[in-house]
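Each of the next two complexes has subunit A plus one more chain, namely subunit B in the first and subunit C in the second.
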Partner chain A sequence: MGIFGRLSDWLKNIFGKRHVRIGIYGPPNAGKTTLANRIAQDWAGGLVGEVSEIPHETRKVQKKGGIVIKDGKSSLRIDIVDTPGIATKVDFHEFMEYGLDEEEAKRRAKEATEGVIEAIKWLDNIDGVILLMDSTKNPFTQVNITILGNLEARELPVIIAANKIDLDGSTPATLKSAFPQHEVIPISALTGANIDLLYKAMLRKFKRR
Partner chain B sequence: MPHQCLKCGEIYEDGSKYVLEGCPKCGGRIFLYTRKPLPERTRKKILKKIEKEEIGFEGKTFEEIIKEIEERRQKAIEEAKKQKERVESIKVEDVGEYEINLERLMEGGIIVEKEGTYFIYLPSLFSMRKK
Partner chain C sequence: MASVNFISRAKLEGLDSEEKLDFILNEVKKGQILVLEKGLTAEEQAKLIEMTMKKINEKFAGIEMESYVNEKPTFLERIFGRKKVRLTIIGPADKIKTIYKDKDIIKAVIK
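Presenting the complex of A and B:
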């Protein structure tokens, strides 16, 4: 490493990295695109992607750059990377329940599976992760456990956002006690409840990279 | 995009206060953010699925719930470990039906299994992370 590289690392250690790429990961229908859209709208204007009630709506990675999050004097420039939902089983029959014809449902299943691979590959280009979980559902799924284990192995900073606290049956406290070694922020990406806490946590957690 | 009450099917505008307060028509508390209204059969199916997935603990005291959480965590970790014993990262059950082995996939190798035949994507194996 040259002298400039060492100087740059030294400055980053003191002031923190100013520009980071943050991936929003999680199972399908946790609200990843809704959260990405909210962050983009709050800090940059515009949307990242379309949302829908059918699982696996996002089947390709979607990015939005130039987002600057601020809290007082502290600021952080981020690129938001909205990823396809990570699942362990993709079955076209599920999509047919939402009114898709067989051909369309099978195409969606194939794209959703490719989306899982793409999402995982993108982990190599990410500086930090917001792992979005649905606080109305059982957190101990293979998806949540495997992603967390892998993020820990990669030593990537992670914030768990317990989404959908606006829904009946939401138990963010369970998520907190389920993953005590991680920071868990209960939010509603849809209504914006607690979203400020998430921004503060992002500044704290991701700026040190 | 409107919200639909999954119980009675009533539609409410995006951002309606009833999504937080509950449906004034039937008292339902579960809404779906939907582009087009869903028929009753589909709503019932989704509602059943959501109710099945709700966390629900049997324990009454705080200690009992914490114990249950720990047991569920251990069970989930063991299930995830079992995946490591499988060689394939993606299993094609049929066209449109895929089973994904996240443990394997996250290690970097793409091996697809279909009816006992394994397809190995070599570049993915060469780019695997060394542990």
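Presenting the complex of A and C:
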């Protein structure tokens, strides 16, 4: 963050307007933007970003403010920060399999690597995280382990959301047993299944302490 | 043919974080596969991913890295700020592929 960003954060802090910033993190294609869009639609209106079956669709951090989540008397005002998927490798050939031409694929790969760096850097600017995993996939990946380790080291509150429970082959129970020390909420960002449970968990976890 | 280098705890403990990550990435870029007796902290893992991203090009697609899930630090580890970091395997993404992984087992094939 530049000096102006920091100054404006400081001013907002003084005037008490700095909202709780919640980052949505996870590997590419987990459904982060789908979830960010759903949260925005449910509590603010509008969308956060583009969704695609091609990995690394989000290559820049995108934010949406003015989101107020309510449950009875309890409410939580947050900014949602949708981050680029984090990966240890980016191979442009993979994008060509989705029909991109070579030049486009290489450009996407370059932007994707920059997006990964930006996502990691943003760990220093957020107050809490929804770590989104694809519940049809093995949860024991390095990306999941590295993100979680960094959240633990920074003592950031985290909710793990096991996404895509609408799909055959989804095993959210595997995810629960993989990370027993964390709260795991099975959801479908696409259909909205269990999304109310996620909102309740967010109110509990992310209320300013 | 790929070679696998087993790097002792002592070798890496002589280096600071930056030297350590430079060493690892240089070896991996040369095509080496490393098995670290003592793995990286979560912060080092994130830093290594950032450094890897800067090096990715048409010939180098990045790394494959596998370590175990972090265990919750014990009370004493918290107090002394020492975190358990367990064995880690790191190699070029085009040479090594994880085929199975759970809490206690990492199964990888080398191409």
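Throughout what follows, the second predicted complex is superposed on the first by the 189 of 209 C-alpha atoms of A that agree within 3 Å, B and C clash if a C-alpha of one lies under 4 Å from a C-alpha of the other, contacts with A are read in each partner's own complex, and residues count from 1 in each chain.
Please note the rule applied: a residue touches a chain if its C-beta (ideal position, glycine included) is under 8 Å from a C-beta of that chain, and two chains touch if they have at least 3 such contacts.
Predicted model only: the values in this text are computed from it and were never measured.
K.L.:
Using the superposition on subunit A, tell me whether subunit B and subunit C clash or fit.
P.N.:
With subunit A as the common anchor, subunit B and subunit C collide in the superposed model.
K.L.:
So, A:F92: does it touch subunit B (first), subunit C (second), both, or neither?
P.N.:
Both: A:F92 reaches subunit B and subunit C.
K.L.:
With the two complexes superposed on chain A, say which partner A:N150 touches: subunit B (first), subunit C (second), both, or neither.
P.N.:
In the superposed model, A:N150 contacts both subunit B and subunit C.
K.L.:
Per the overlay, which chain contacts more subunit A residues, subunit B or subunit C?
P.N.:
The larger set of subunit A residues in touch belongs to B.
K.L.:
Who does A:N138 touch here: subunit B (first), subunit C (second), both, or neither?
P.N.:
In the superposition, A:N138 touches subunit B and subunit C alike.
K.L.:
Pick one for A:V68: touches subunit B only (first), subunit C only (second), both, or neither.
P.N.:
neither
K.L.:
Taking the superposition on A as described, I'd like to know which of subunit B and subunit C A:D166 touches: first, second, both or neither.
P.N.:
first
K.L.:
Where does A:I120 make contact in the superposed view: on subunit B (first), on subunit C (second), on both, or on neither?
P.N.:
Both partners, subunit B and subunit C.
K.L.:
After lining up the shared chain so the two structures overlap, which partner does A:Q181 touch, if you call subunit B first and subunit C second: first, second, both or neither?
P.N.:
After superposing on A, A:Q181 lies in contact with subunit C but is clear of subunit B.
K.L.:
Using the touch definition from the top, say if A:A105 reaches subunit B (first), subunit C (second), both or neither.
P.N.:
first
K.L.:
Using the superposition on chain A described above, determine whether A:E53 touches subunit B (first), subunit C (second), both, or neither.
P.N.:
first
K.L.:
On subunit A, what residues does subunit B touch that subunit C touches as well?
P.N.:
Touching subunit B and subunit C on subunit A: residues 86-92, 106, 109, 113, 116-117, 120, 123, 138, 140-142, 145-146, 149-150, 153, 178.
K.L.:
Okay, in this complex, where on subunit C does subunit A touch?
P.N.:
41-43, 45-46, 49-50, 52-54, 56, 58, 61-70, 72, 83, 93, 101-103
K.L.:
Could you please specify the touching residues of subunit A with respect to subunit C in the complex?
P.N.:
86-92, 106, 109, 113-114, 116-117, 120-121, 123, 138, 140-142, 145-146, 148-150, 152-153, 178-179, 181
K.L.:
Touching residues of subunit A toward subunit B in the complex: what are they?
P.N.:
51-53, 86-93, 97-99, 102, 105-106, 109-110, 113, 116-117, 120, 123, 136-147, 149-150, 153, 166-169, 171, 174, 177-178, 190-191
K.L.:
Can you list the subunit B residues touching subunit A in their complex?
P.N.:
Going by the criterion above, the answer is residues 1, 15, 19-20, 22, 29-35, 38, 42, 45, 50, 53-55, 57, 66, 69, 72-73, 75-77, 79-80, 83, 90, 95-103, 105-106, 110, 131.
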